[in-house]
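The structure that follows is given in the form of structure tokens.
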Amino acid sequence: MSAISALPNGTATEEASHALQLLRQMTRIRRFEERCGELYKQEKIRGFLHLYIGEEAIAVGVMQALTPDDAIVATYREHGHALVRGVSARAIMAEMYGKQEGCSGGRGGSMHLFDAETRFYGGNAIVAGGLPLALGLALADKLQRRARVTACFFGDGAVAEGEFHETLNLASLWRLPVLFCCENNLYAMGTALARAQAETNLALKASSYRIPAWDLDGMDVEAVEHAAREAAAAVRAGEGPYFLELRTYRFRAHSMFDPELYRERSEVEEWKKRCPIANYVLSLKQRGLLDDAALATIESDVAREVDDAVAFAESGTWEPLETLTRFVYSDTQPSP
Amino acid sequence: MSAISALPNGTATEEASHALQLLRQMTRIRRFEERCGELYKQEKIRGFLHLYIGEEAIAVGVMQALTPDDAIVATYREHGHALVRGVSARAIMAEMYGKQEGCSGGRGGSMHLFDAETRFYGGNAIVAGGLPLALGLALADKLQRRARVTACFFGDGAVAEGEFHETLNLASLWRLPVLFCCENNLYAMGTALARAQAETNLALKASSYRIPAWDLDGMDVEAVEHAAREAAAAVRAGEGPYFLELRTYRFRAHSMFDPELYRERSEVEEWKKRCPIANYVLSLKQRGLLDDAALATIESDVAREVDDAVAFAESGTWEPLETLTRFVYSDTQPSP
Amino acid sequence: MTSLIEPRDTSAVAAPRSPATRTSYREALRQSIRHAMLADERVFLMGEDVGRYGGCYAVSKGLLEEFGPDRVRDTPLSESAFVGAGIGSALAGMRPIVEVMTVNFSLLALDQIVNSAATLLHMSGGQFNVPLVIRMATGAGRQVAAQHSHSLEAWYAHVPGLKVLAPATIEDAYGMLPSALADPDPVIIFEHVMLYATEGELPNDAGAVPIDRAAVRRTGGDVTLIAYGGTLGRTLDAAEQLATSGIGAEVIDLRTLRPLDSATILESVRKTHRAVIVDEGWRSGSLSAEVSARIMEGAFYDLDAAVQRVCGAEVPVPYPRHLEQAALPQAASIVAAARAVAGA
Amino acid sequence: MTSLIEPRDTSAVAAPRSPATRTSYREALRQSIRHAMLADERVFLMGEDVGRYGGCYAVSKGLLEEFGPDRVRDTPLSESAFVGAGIGSALAGMRPIVEVMTVNFSLLALDQIVNSAATLLHMSGGQFNVPLVIRMATGAGRQVAAQHSHSLEAWYAHVPGLKVLAPATIEDAYGMLPSALADPDPVIIFEHVMLYATEGELPNDAGAVPIDRAAVRRTGGDVTLIAYGGTLGRTLDAAEQLATSGIGAEVIDLRTLRPLDSATILESVRKTHRAVIVDEGWRSGSLSAEVSARIMEGAFYDLDAAVQRVCGAEVPVPYPRHLEQAALPQAASIVAAARAVAGA
């Protein structure tokens, strides 16, 4: 990619606290999801559960570039995005339990986190299904002359879908303020990218729509943040959509049903050496921005947060059967 | 595009007779369709009628590269393709009348010409709907190790559809023997290409799937033939798909309902100066390959053929109501 | 809101309540879109060829000139993306009217409609409603053959979260759109291709009409004929013919296909004790089946005869006129079915 | 061809006609695919993750190793293209089995299925038949929420040109595929997600089964219960419960959803005079409506009570188990409806 701007200017302390903040956010996702995995085995969480473990740097990095007014569209692998965006761990965990205190009232579960307050538009379980939605959110902003960004996350698998193509073309043609974030973890379920795409350079593909597209190390949270900031600024300034290909890897199975027949254990281990959190810890320590005490504080804070979220979800309540069909249509219907 | 091979080697007479043959074929389409336009006004032909007038060089040029064993998939603007492929003018005209002597038994009409004998797989009225079909025809050939080509025609409008994207990727990924022929006449109904595509260089778009793609003057029948021969030879040799962007223009309205509000009369007139037939006549005369007598022969032969087709269609018969539901399923059902 | 639900050609009514203007279904739609766009800045029209071409059925002719390309927005051939863009923009405060040229092409956008538009509100626990209107042409009769003549209203009417309308009259063509736009949830409007050119009187003070009920278009005591959209005209014709032989047919125009107004249907059947349902869709699994089942469940003991259906033949619609017409419900077949049901 | 249509768990039958092996629905499907591929070189399997992953419901596990990547073909996420490729390859002499992971994603391929697969034969005047088999998982019950739990069998069963199957037993899971492959026209097979793990006996000489008729899975004289696919089990459970209180329920498994076998249904209803239809699909416009309408038309005078339906609630399927189950037909609701119909 082209040269990117530096971190927002500031003093060394600000830099340190920002770095710790990035680490804290990644750690929140990691620990939260590790617990989710356990809770799945305990059958507290059911249905499909897709863990983001290994990919945390992307959600954390990109989210730094967004303001509260911006919108997010994500996939079924979206716990991390919701957490970093500011949906509470409590509301997310309660949602995974299916409790009505969850961020979607318990109806969506793991794949369908929604939150109007933080403009978190899901939680879409149809691969590429969120892209046209993001297009529309951005179109509304353009029509209403609001300088907002819609960040749209999706996987490498989505790139093969017709909806990807239609959306990228339209976003570019209409110069809509969408920040496309392609989380290229090299697999769509068991299908390796090279078995799905004639052209595996996804950024290159995106540029064929005349969209500025960069491919980035999605394991490097600061690199992701830098690029996202620059891209989001351009999008916000009315330059049209930008596309980030974020190269990463999922450390866990696709979902809890996946026996992982399609990749070698050694490949996973190789990638784990590039863990975005472990390496960031190392780097911060080398740069003198982190010591063991600070790390321990983060870990214990996060552990407390996760424990609290679980307790909250445990003590949550079930939606009564009586309201099953509520919100099939809106409560307030205009008088005819 | 890259350098292309010469016409198939032969004597000067062979060259002349081949050139006359190209002219004859284009003239067949032109006169046949002019008559169709009149018959539409007389309400002999009903429904939608999409004329190919102005674009004849493409069907004629490409078809030279195909053997009887190859397959063709076309759109609702396919009279020309069917004619040149060898479906009789009689059977096509009867089809446009809706008579059971038509090439689809009268059930398809103008948009749905089919002919098993010449491997003409329609006649598809869903924009881009034919592309996946072509993919499948080619896949069967590849699986059965047959060195056949499937030529798939579609318009510039189809390029925006998701099915275009999915098909091009798969064709390339699986190296399937498809010759994609994009008839870029600059408009999809009333929508100019630049209002539909962020990237208006369609050949460039195709190469983003790692498909060799050439853009060509679709008004020059010999240029089209040369390129098609080279591309088809490569496809047949197992090199995977090729993509031809054929730049052309439709001289008539999109369909008989189109008031043509979206383009200037002067633009149409400008393009008519590039008429593939008139200019070819000129060029052949300059090259001493055509004289007025030969031209007159072609015209009178064609006129006779068209008259004969109309007479055939006129004297054709209507399918009886009793067989309305025949062929919803095949006649022969396996015994359970 | 005025809410006059009257016979489809109000010119046939002796004394119209208010001054009226003769207009076409197409023109009523256009004026309705215009008025909605004038009244509410959030409303915009988007779809293939709605702008420069003027709409494939000429409904939006002139609107581009009046409202400009931002609000009358030509799209590329990308049904899934622009329908999805409608959903997204509705979520973010706009009031889009998305035109999908015809129901045939809407198959390419079904994922967005079913998996997003219809589900978002419920799935998000009530947080995200989708005030989207999708208009599409439907039906056969123009000899455009198997891929351009579908009647898939039943599919849409199957989906919770959607409201589905079928304006069959000039007044509904005009009045359903504002009601759909005022609705907080996604509404699909089916415009039958054979209706665009029909003409009738539109009251000068016409306005929004209710979109939660069926209408009795003609009263009668002997048999209930139930129709919607493109078949209402033929059904009224059939009722006329039945009248000449002394059979009083009540004609119900369903108007809203989801949610179905069972009450109006059952009330009529309880009175006439006999019913025939007319539906252009392929018989098996058409909306007529649901109507029949509801009568079974709600008025079984009131029935004097089995409810019958007159539907589209189960065949991809063929091109030639005689075959196409044979595949569609005709006044004659409706009359025959009504006679059979009435035992006359 | 052997054609044994028997209760879903043949182990429950006292004396199986032939030696049998205990197996699962999933395994029966796998063996059926295997045998078809061994028997006919033209047969190949194509779809998302059918190969290296082993199939999202593990149906095709091991087949890649046995048959290689040409015949067990992983596709990218391109539903429209690979279903279309299935159609094209069927036209050109292959016998593709296309797996669309679930019916939910099939919305993205509907254009190809409806506008090409189902229409080509008729539209071409009989020239081009499409011997294509499409398998897809369907239904709810696994807590995978609103976008992954559809039951859209009724949509497919509405389309002329398609045949639609719903194997509910081990024997049908095994035997319907070869019949579908032998069929010259496109056949859609719906595999309910809750059936994959069910077990039963498969006769060692099991083979192709008829795909043009319903099956009486249990005989009874008091009420006819009609079900298919995923709801057959609960319906049989309901019949057991009814038996304990002296109500003899006859249970019909529709098996083939298009064309529907009206004869078997009507024959039973003429005997029992009462019927309840069970359908997991959203009630309005579900297949149950068509069945009810057909009973209305074919056996009205034989009915002692209105036919009732027990269907999916009209709501996008919610995630939590208690709500999901509340949205689906349960044995208890079937029993209640049957009692009501039987006046008991």
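Should a chain be cited, it is by its letter among A, B, C and D, assigned in written order, with residues numbered from 1 in that chain.
Keep this in mind: contacts are C-beta pairs under 8 Å (C-beta built on N, C-alpha and C of every residue); 3 or more make two chains touch, one makes a residue touch a chain.
A quick note: this is a predicted structure, and the numbers were derived from the prediction, not measured.
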{"item": "Pair joined by more contacting C-beta pairs (B-C or B-D)", "value": "B-D"}
{"item": "Centroid-based (C-alpha) most distant chain relative to chain D", "value": "B"}
{"item": "Euclidean distance of C-alpha centroids - chain A vs chain B, Å", "value": "46"}
{"item": "Rounded Å distance, chain B centre to chain C centre (Cα mean)", "value": "37"}
{"item": "Distance between the centres, which are taken as Cα means, of chain D and chain B, whole angstrom", "value": "41"}
{"item": "Whole-Å separation of chain centres (CA-atom averages), chain C against chain D", "value": "32"}
{"item": "Two or more partner chains touched - positions in chain B", "value": "106-108, 112, 124, 126, 129, 160-163, 166, 169, 173, 195-197, 325, 328"}
{"item": "Overlap residues in chain C, where contacts from two or more other chains coincide", "value": "76, 78, 80-81, 104-105, 108, 111, 115, 122-123, 145-147, 160-161, 314-316, 318"}
{"item": "Residues of chain C that touch chain D when the two form their complex", "value": "80, 104-105, 107-108, 110-111, 114-115, 118-119, 122-123, 145-147, 150, 154-155, 157-161, 258-260, 281-282, 284-290, 292-293, 295-297, 300-301, 303, 305-309, 314-316, 318"}
{"item": "Interface residues, chain C side, partner chain B - complex", "value": "48-49, 51-54, 56, 61, 74, 76-81, 104-105, 108, 142-148, 313-316, 318-323, 326-327"}
{"item": "List of chain A residues in touch with chain C within their complex", "value": "71, 100, 102-108, 112, 114-116, 121-124, 126, 129, 131-141, 143-144, 162-163, 166-167, 169-170, 173, 325-336"}
{"item": "Residues of chain A defined as touching chain B within the complex", "value": "160-166, 168-169, 172-173, 195-199, 204-205, 208-211"}
{"item": "Touch list for chain B against partner chain C, complex", "value": "46-48, 98-99, 106-109, 111-112, 124-129, 157-158, 160-163, 188-192, 195-197, 258-259, 261-262, 318-319, 321, 324-325, 328"}
